[in-house]
Amino acid sequence: MPNLLVCYKWTLDERDIKINPNDLSLDSSRAKGKISDFDRMAIEEATQIVEKQGGAVDALSYGTPTVKQSLKDVLSRGPNKAYYIGDASAEHADANVIAKVLAGAVRKLGKYDVILLGEGSSDSFNQQTGARLAALLDLPVVTFVQEMTIEGDTVKATRKLADCTEAVTVKTPAVVQVLSTINKPRIPSMKQVLGASKKPNQELKIADLGLKAEDLVPKSTRKSVKGFVMSRKNVIYKESNAADNVAKLVASLAKEGLR
Amino acid sequence: MAGVFVFSEDSAIGKQLLTPALELKKSLGQPLVALATREADAKEYATLGADRVIVLKSEASPEVLAPAIANLVAKEQASVVLIGGTLRGKHVASYIAAKLDAPMTTDAKTLTIADGKLETTRVLYAGLAVAEELSSLPAVATVPARTFLPPAAAATAGKIESVEVTPDTRAVVSNVTPIASEGVDITTASRLVSVGRGFRKKEDLKLADDLAAALKGEVSCSRGVAEDDHWLPIERYIGISGQTVKPEIYFAVGLSGQVQHMVGCRESKFIFAVNNDEHAPIFEAADYGIVGDLYEVLPLLTAALKN
Amino acid sequence: MSYAFTEEQLLIKQNALEFAKEYLDPIAMELDHSAKFPAEIVKKMVAQDLLGLFLPGEYGGAEAGFVAFIEVIEALSGSSASVAAILLNHAIAAYAIEHWGTKEQKDNYLPALVKGEKLGALAIYENGPMLGVGPDTLVAEKKPEGYVLNGVKAFVRNAGVAGVYVVLATTDPTSNGKTLTAFLVDAKASGLKVGAAKESMGLRGCPMADLTFENVIVPESAVLGAVDGGLALATDTLAVFSLGEAAETVGIGQAAVEHAAAYSKTRVQFGKPISTLQAIQTLLAEVATDAHVARLALYDAAGLFEEGKPFQTEAAMVKAFLARFGSKMLLDTVQIEGGFGYSEFMPLPRLFRDIAGTTLLEAPAEYPDKTIAAALLA
């Protein structure tokens, strides 16, 4: 009956972000919030484990006060309780700050057998939080996991790396960072959505997490963000005769010094 | 604080990292220290510009050595730690960053020192945008493979030393199973013919093979061809969850050019396309293209190139 | 007066859109061409609690409210209006039982309908006479054993896959439609025959056929609502149905305008994308505006219904508006896409055929204009 914690991030849906053609700046005004896609797999994994073996899943998120919009969403996906830290510091927090805040929350919340996280967030995809959290909490960590089981106090995980798979065993408590291929998250049913409001959620104040003021100061700041726009020659040959098009393309290859 | 540190469990990447590290060393006026797990690699690093090379005496996997490496760079008061951007590297780098209470940039494409800080550029929002960031020192960064070329041989060789390192025994690694590889590494090909769902049968990929041969390149594909049709192995597919390539020529055939695919090849020097749908997004991303039936165009093109 | 959706309603819509994208997008075209009933999709909808979405919890329903149901129909329709039509016809039949049924009837049928063990269907139309005008050919003769039904009901959606039919029959064939009575007829009833599948222009994945009744005996307890109260039941049920239909129309129209907009950016003529042309922009603007205005009116009416307030006039307004502008949404978007809009390998022809069905079928027994005028002139 494992006690699990899933950390998730409430992000802007990058599909709604538009690039301003004039100056390549990003327009997020129409972007809605969403639970980071990769976190869904972590939430699903924890939920499935608990459905099979009993236990409980708590969810935890650190974000700006808009993170409250994520609560019913996350609770409709299986967790029993959601904790959140909604603080302005999240606006500019870098991965270092995020990990320290989450670590502070975990120390306050008590013992979990396994802390699960997604591979990275859909906005910045730093892929750092799992290992950082483990380092701060002095816990063993298994990263890039595509399969896992929890048997008593033992976590058995299979990692998928570029050129091999690796079986790793750790004792709980431990941190596990899962790959998006670990499972296919189910779409919450209507009853799960309606049942979310009956589940508890609790705010954690950042001042109560035992952090120093300088812990919340980001050491990495954004100098600029520009939309990526492909700017290519776009020379397209559309003659009705394929041989003509081929001749022109071959000439282009020669012109670019590629023949 | 002293030292620009470099580490990758993959020595090919380790050597590539020396190039940006040498620039940082110049800007900061601090020694370049390379960490290696094998003597042979250490010798190479020493000839390519590392002032010091520290051999970590352990057969354990890099993740298991992460706490020990973190202690080492902390003791050395490293200013910058560059780690090869493999998955293993990202694990190690994140661990180190936490222990150093340092900022970390994942998949940095450029690295310079500006106003005493590490300035980096990297991709955001699944490829939608590029961010320039400034990180106070000490800073950690992972750099993707093949972002840089290894440096030329240095005038003087660096000093090699070795240290005992204590592996973290809490994670027990067993059963390392290599993923069967086909042998072709499309990430190193300078010319690629990339196939999409415009091909009707697996046998028709021969047209792409012939074109690739005429171009002296390899064949790659979009996600569907590998994951859904299984006409080509997974390591040949290019896209946001597949490989990223930067060949001289990327020749997309019968491939529509969706964003999730293009993010894996958009840094190619030249992009060519053949597609019978003139509205296919690939044409917006191409330097040169032909609107036409690939079954007609490819044989003609291959023949023309052979002449 | 608040048009803000609740968090639950927003999540329900988000989930419905994901469901549509994942399960309906890949099969919508094939379903339209084959007209083969998508049993697997229905199973998946059951798993999402869609079949009893706005039905009471005591029968296993999700009690999500009618507005959430409309959101789901709209979301599904953007991908496959056929699948939405299957769900809509089922849900409204279930509504009729929930609203008009005795406790025994509700206990007998609703749990199975909510679980999708049985699908529901409405058998209320005829080949000849219009609803409520008569004389209906399906006659219910009172006998000691109950009622004996003889005749034919036409245009029955979900025919052949339903487990229970809400059937309108007349007890007096000479009465010109004033003595309609609704009956609950089990699909397995002896003498009930499902006719050959009837092909329709659109919504082709939603089965349709005639039902023939040959001495079908139903007990007195099968009467739904009051004897001779069938027309009132049908009018009320169809008013609710019309909101679901409007949701289908808006969902289809929205999908069409988004498709046409994306298309117009890539279609280059005279050296520029056609999206830069005023004529194209006007068409896009009109369609997008009509869909937006219709949607607002739809959710207003759905909200009134959910709150138990009078809604029939507002529902008639939505119906009247879409009767005028619904098909125009597809006429305009097909126009934008030109040859591609007319090609069956693109989605618009199917959307065109589907929307023609959602705007013209299931009119309330009184034409919408009459209903609206009656409210003004009262």
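Letters A, B and C name the chains as they come in the text, with residue numbers starting at 1 for each one.
As a working rule, contacts are C-beta pairs under 8 Å (C-beta built on N, C-alpha and C of every residue); 3 or more make two chains touch, one makes a residue touch a chain.
Model, not experiment: these values are computed from the prediction.
Enquirer: Work out per-chain C-alpha centres and flag the one nearest the whole-protein C-alpha centre.
Expert: A
Enquirer: Measuring centre to centre with C-alpha atoms, which chain is farthest from chain B?
Expert: It is C whose centre lies farthest from that of chain B.
Enquirer: How many Å are there between the centre of chain B and the centre of chain C, using C-alpha atoms for each centre?
Expert: Chain centres of chain B and chain C, defined by C-alpha means, are spaced 53 Å apart.
Enquirer: Report the inter-chain centroid distance for chain A and chain C in whole angstrom, where each centroid is the mean of the CA atoms.
Expert: About 39 Å separates the centre of chain A from that of chain C.
Enquirer: Just the number, please: Cα centre separation of chain A and chain B in whole Å.
Expert: Taking the mean C-alpha position of each chain, the two centres sit 22 Å apart.
Enquirer: Could you pull out the residues of chain B that touch at least 2 other chains?
Expert: 278
Enquirer: Which residues of chain A touch chain B in their complex?
Expert: 14, 17, 19, 26, 94-96, 99, 120, 122-136, 140-144, 161-171, 180, 218-228, 230, 232-238, 242-243, 245-247, 249-250, 252-253, 256, 258-259
Enquirer: Within the complex, which stretch of chain A touches chain C?
Expert: 69, 72-73, 76, 187-191, 193-194, 196-197
Enquirer: Residue numbers of chain B touching chain A in their complex, please.
Expert: Residue positions touching the partner: 61, 63, 66-67, 70, 86-88, 90-95, 97-99, 101-106, 119, 123-136, 139, 168, 170-179, 181, 241, 248-249, 262, 266, 270-272, 278, 283-293, 296-297, 300-301, 304-305.
Enquirer: In the complex formed with chain B, which residues of chain C make contact?
Expert: Chain C reaches chain B through residues 263, 266-268.
Enquirer: What residues on chain B touch chain C, complex-wise?
Expert: Against chain C, the touching part of chain B is residues 278-279, 281.
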